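Let me begin by presenting the structure, written as structure tokens, before commenting on it.
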Amino acid sequence: MHPLIHLALSLPSWQDEQPFLVTGLALGGVYALSGVGMIVLFRTTGVLNLSFGAVGAFGALIAWQLINHSGMNQWLAYLVCVLFGGVITLAYGMVFGPALARRDPLVKTTATLGLTLILLGAMDLLWTSNGGASRSISLPTDNHGFMVGQIQVTTTDVIALAVGIVITVVTTAFLRYSKLGTAMRAMANDREITATLGVPVRRVEAAAWFGCGIVAGLSGILLADLVALDATTLTFLVISSLAAALIARLSSIWITFVAAIIIGVVDAAVTPITALTNYRDMTPFVLAAIALLFLNRKRTLSLARQEF
Amino acid sequence: MATAQLPGEAKPKTPPSAPPRIERGFYTRAAIIAVGVLLVIFLLPQVLSLYYVDAMTQVAIYAVVALGLGVLVGRVGLISLGQAAVLAIGAWVAARLLFGTSLPYEVVLLASGVITMLLGTLVGLPALRMRGLYLALITLMLAGAITVVLASLNFPNGGHGFSGYNGALLHIPPIRRPGIAQTDPAYFRYSVVVAVIMFLIVLIHVRTKPGRAWAAIRQSEPAALAAGINTTFYKLWAFALASFVTGVAGGVLAGAVRYLYSIDFQTQDSITLLAVVLMGGAYSIWGAIVAGLLLQLLPAILNDLGVNPDWLVILFGIGVLQVLTTAPTGIVDQMPKDIARLARFIGGLGRRSSPAKEPAQ
Amino acid sequence: MPRMRIGLALLAAAALLALAGCGSSNNSSSSAAGGATSSASSSAAAGGTSTSGGGASAATDVSSCGPKPGVKATGSPINIGTIDTHQPGTDFTDGPNMINAYFQCVNDNGGVNGHPLKLFVELDQTQPAQVAAAAKKLIQSDHVVAIDGVFDLLECTIDQGYWKQLGIYEMDAGIAPECWSTPNSAAVNMGPRYSSDGAVQYALNTVKAKKIVFVQSNVPGTGYIAAGPAALAKAANVPIKQLTENVPINDANSVALNLVNSAGPDGSVILNFTPPEALVILQAAQKLGLEDRVKSWGCSTPCNTDFLAKTLGPKWNHKLFVNAELASPDDHNGPEMQNYKAILAKYGSSVAGGLGSFSQMGYLLAKFLTKALQNVHGAYTMKSVNQAIVGIKDYKTELLCQPWTYGNVALHIPNNADYTTTPENGKMVTAQGCTQISAADPQIAQYRAAAKAAGINIG
């Protein structure tokens, strides 16, 4: 039998495929959350913060530690996590933002890889996986939900999607219509000139970094609940979300959101197709490659006036 | 914008088409280096325990990989976040040929270099239309895709078919080694010789026309274009060269470890590779050797001392930050200042002067 | 610049916050009474009660590990080596830590003929070059005479040639296929293939599943592992679907859905994953409301922890059936089990997981070696020690279903009978007592034939 026909015949029926579209939406929500979070920082500071996932993971592990070993109330612990995200991202931004301000976006992004490595090493030191220990965070919203077809959608899934949408809407509006937002957009483009225009560059920068850190912390909790509370998983999850950001050419927050949803749905939809299922983790990369290499083949993609 | 001068390089005063000028003292330097290499090849295995001989073999291999990445980062200004995947491809090709054919080892090395080079160029071609950050991110995406493919394809282990992988094996055969290099010390010498050849190939490139074209492109791509340099061709050449040496390194790796696992080529490895190349110094040949030492000898020493390997990851992270903010040329130039600087790093940053004195890119 | 200093202060504050919050993160996990979510093993609370309750007898139990109670061994040390995986996400150091604990006990009570035992541990990050180098280091620099206590993803594959060359018979808690298929390795555990066999067997014979879906993590060796369940299903004339999942799993929902759909209401889903991944899949199934849509769920040995039972909750009571390679410390409390718990309590402060399979396997590996060493007459050389190891025959233990033998055979699968456990209100309880793994698995059949020919008691 011709292999393609064989492949077609082994495709699951629509009935079987449908529930995967629902889980795909949930997965898309996960990717959208970190994708949007990274783009927001990029649009406001010109830095693609690749340590987004690591910061969130660190915060989630701190929250876990506080809940399970210090008996802290869980909402307080989650608050600590979110604050931690804000603080550490702010600290990084205040120290390394000005130091690298005049460098190419590529250099600024590579520097965030440095922070990623530091956090990864620290997380494994502090929370080892000795003895097969596995940790998990379970938000109370996991226990509520509603049925869609044959499967249950939890409130947490809905929250993740909602948070993604809210961040997208709020940030887009903020950047376009508010004075601070406009200042941020200008700064992301060219810090020096913006400073000469009388914009309080340091304060604007601080606000942007802190805000984005808060988003990282919040995403950390949600992703720890939806995916897994594991340092490596959460840190490198951002690479898949990055695909969505690349499809949006690192500029449009809305396109990032939509692209992330599509990636999630396609990824999940491929799961029941036996021939392809082991390759479905490639979905983000394949889609990003297609978007960048084919859709933009007539255009040169460049961000900087000068090279690294 | 002026870019950092390549250390030890004389500024070419002649137009790109003239033959290379031999600097004074070149032969002396070459002789000293040759003696050093001979010492390494013959003396080191006698002096070191097998544990460290194995570690030094890995140093030789990863120095070559760092060399390839250094060509991209230092000479042309392209950051690749996927060199571990390229190394994996080289190792894969070598393993397939070593199991599936009885070609001599040197031919296999050449083949893995060439095939990896072809793949690298194929990928480089469309990617060259991207610059800077986009290019780095697309290499990250490609590396991610290759990691997934590898997880399902696996490395050849003596099985049949295209993939050469038999998942049900009860006894996995080791990858063969060249006839003249069966033992670990002999294989160490073999890998050093191959590494030296790779270094020479890159050195020749750097000192002749491609090297000057790359230097011109690094300084200013529009200006290079205006000077009539075919920038796309030379950038592609850099990709090809980097992929070739990395592919050969993959072949040497296959014989060194003798068992290849997909779990050994993860995304984090590409990132750590970039970190050590930046720390060692992407702009000089010696930087590649330092990078190799950081990546393979330092962990072996720390493991020996019982230090948790996580500290090394943290160190590399700090190293990246330090290099990018204060020392773009890396450890090789910074070594004397680095030791004191590292201790004062945190406070030192706070006391640094105003933007006007920031080092030029 | 003042603002940079503020930034640095914030950085320091964040670091302090992180460290303060983490305080005694690792050490506390084994002692936290209510911290069930932090410990992988049987709940530390239960373990704490039984050891503190047996306080007086514990002291006597403990000293029985050595021949001369209370006398410290002061002779020349006998060097033992081991290689273990320690990397982010996979940390097996509990095994060698327990062996060390046992050795300390032995050394405090007379040693082996007055000689203390010294353990040299090499850790690796799953890099073949490291594992090979570690072996050389142990032999050439540390001068070990035996290899005991290897908990490693790759070691059996990489070093078996070297051990064969030297005449070393290693004792391990294996993972790679060669741990059970060469003359120079014998394991106290069953490993992924035979443990999965056990879980599939229970589904076939007791649950009477009409279809098996076997899913495992996509790490090297899946074909070797899958061959076992495939053979068992074929012998029972039941269709089997083989799946692999890349780890770490990002979309547990889709995975769980796919498993349930593939198995159907008359089928069983059998998992072979590390605890974190198995947990994530099972939790996803529960969140989606799918846990009742198959006939049963099964899991290989890594799932056999009270921690998992507690985190999963009551919905999984008698729905998940886990193959257990070793007797459960909760259900069994004979003198040897008490001895194990006592040694763990007294000397095992570095064993982060507390009571559980890792420390149990470490206990067995240390105990068997110590007992074998008693049979060495004269100098403790590589040859004499390894002859004693190969000569281990019929060592009875409460922790295993059958007596353990090394023996001069082409392959070793000495642990080939098991329990099945199931969660019940936060604990793992025995669902089925000792059952032999079916000889439908060709490797099992081969071992039993070879063992019989060599005169080994295969229970």
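The chains carry the letters A, B and C, assigned in the order they are written, with residues numbered from 1 in each.
Here is the rule we go by: a residue touches a chain if its C-beta (ideal position, glycine included) is under 8 Å from a C-beta of that chain, and two chains touch if they have at least 3 such contacts.
All figures in this text were calculated on a predicted structure; none of them were measured in a lab.
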item: Arrangement of touching chains [line / ring / star / complete / other]; value: complete
item: Chain pair, B-C or A-C, that carries the greater number of C-beta contacts; value: A-C
item: Separation of mean Cα positions, subunit B and subunit A [Å, integer]; value: 30
item: Distance between the centres, which are taken as Cα means, of subunit C and subunit B, whole angstrom; value: 39
item: Inter-centroid spacing, subunit C versus subunit A (mean Cα positions, whole Å); value: 36
item: Per-residue overlap in subunit A, given as positions that touch at least 2 other chains; value: 95, 98, 120, 122, 124, 232, 240, 278, 281
item: Junction residues of subunit C - those touching two or more other chains; value: 1, 4, 8, 88, 218, 244, 246
item: Residues of subunit B engaged with two or more neighbouring chains; value: 148, 151-152, 310, 349, 352
item: Touching residues (chain side subunit C, partner subunit B) in the complex; value: 1, 4-5, 8, 86-88, 122-123, 125-130, 132-134, 136-137, 140-141, 154, 157-158, 161, 177-178, 181-182, 218-224, 226-227, 244, 246, 443
item: Footprint of subunit C on subunit A - complex, ascending; value: 12, 16, 19-20, 23-24, 26-27, 30, 58, 62, 65-66, 68-71, 80, 84, 87-88, 90-95, 98, 120, 122, 124, 126-136, 142, 145, 147, 151-152, 154, 202, 227-228, 230-233, 237, 240, 264, 267-268, 271-272, 277-278, 281
item: Residue numbers on subunit A that touch subunit B, as the complex places them; value: 48, 95-96, 98-107, 109-111, 113-122, 124-125, 232, 236, 239-240, 242-243, 246, 250, 278-279, 281-282, 284-286, 288-289, 292-293, 296-297, 299-304, 306-308
item: Subunit C residues touching subunit A - in the complex, by the definition given at the top; value: 1, 3-4, 6-8, 10-11, 13-14, 17-19, 21-26, 28-29, 32, 34-35, 37-41, 88-91, 93-94, 218, 243-244, 246, 248-255, 257-258, 261, 274-276, 279-280, 283, 287-290, 302, 305, 307, 311, 351-354, 356, 358-359
item: List of subunit B residues in touch with subunit C within their complex; value: 49-51, 54-55, 57-58, 148, 151-152, 154, 166-172, 174, 184, 256-264, 300, 303-304, 309-310, 346, 349-350, 352
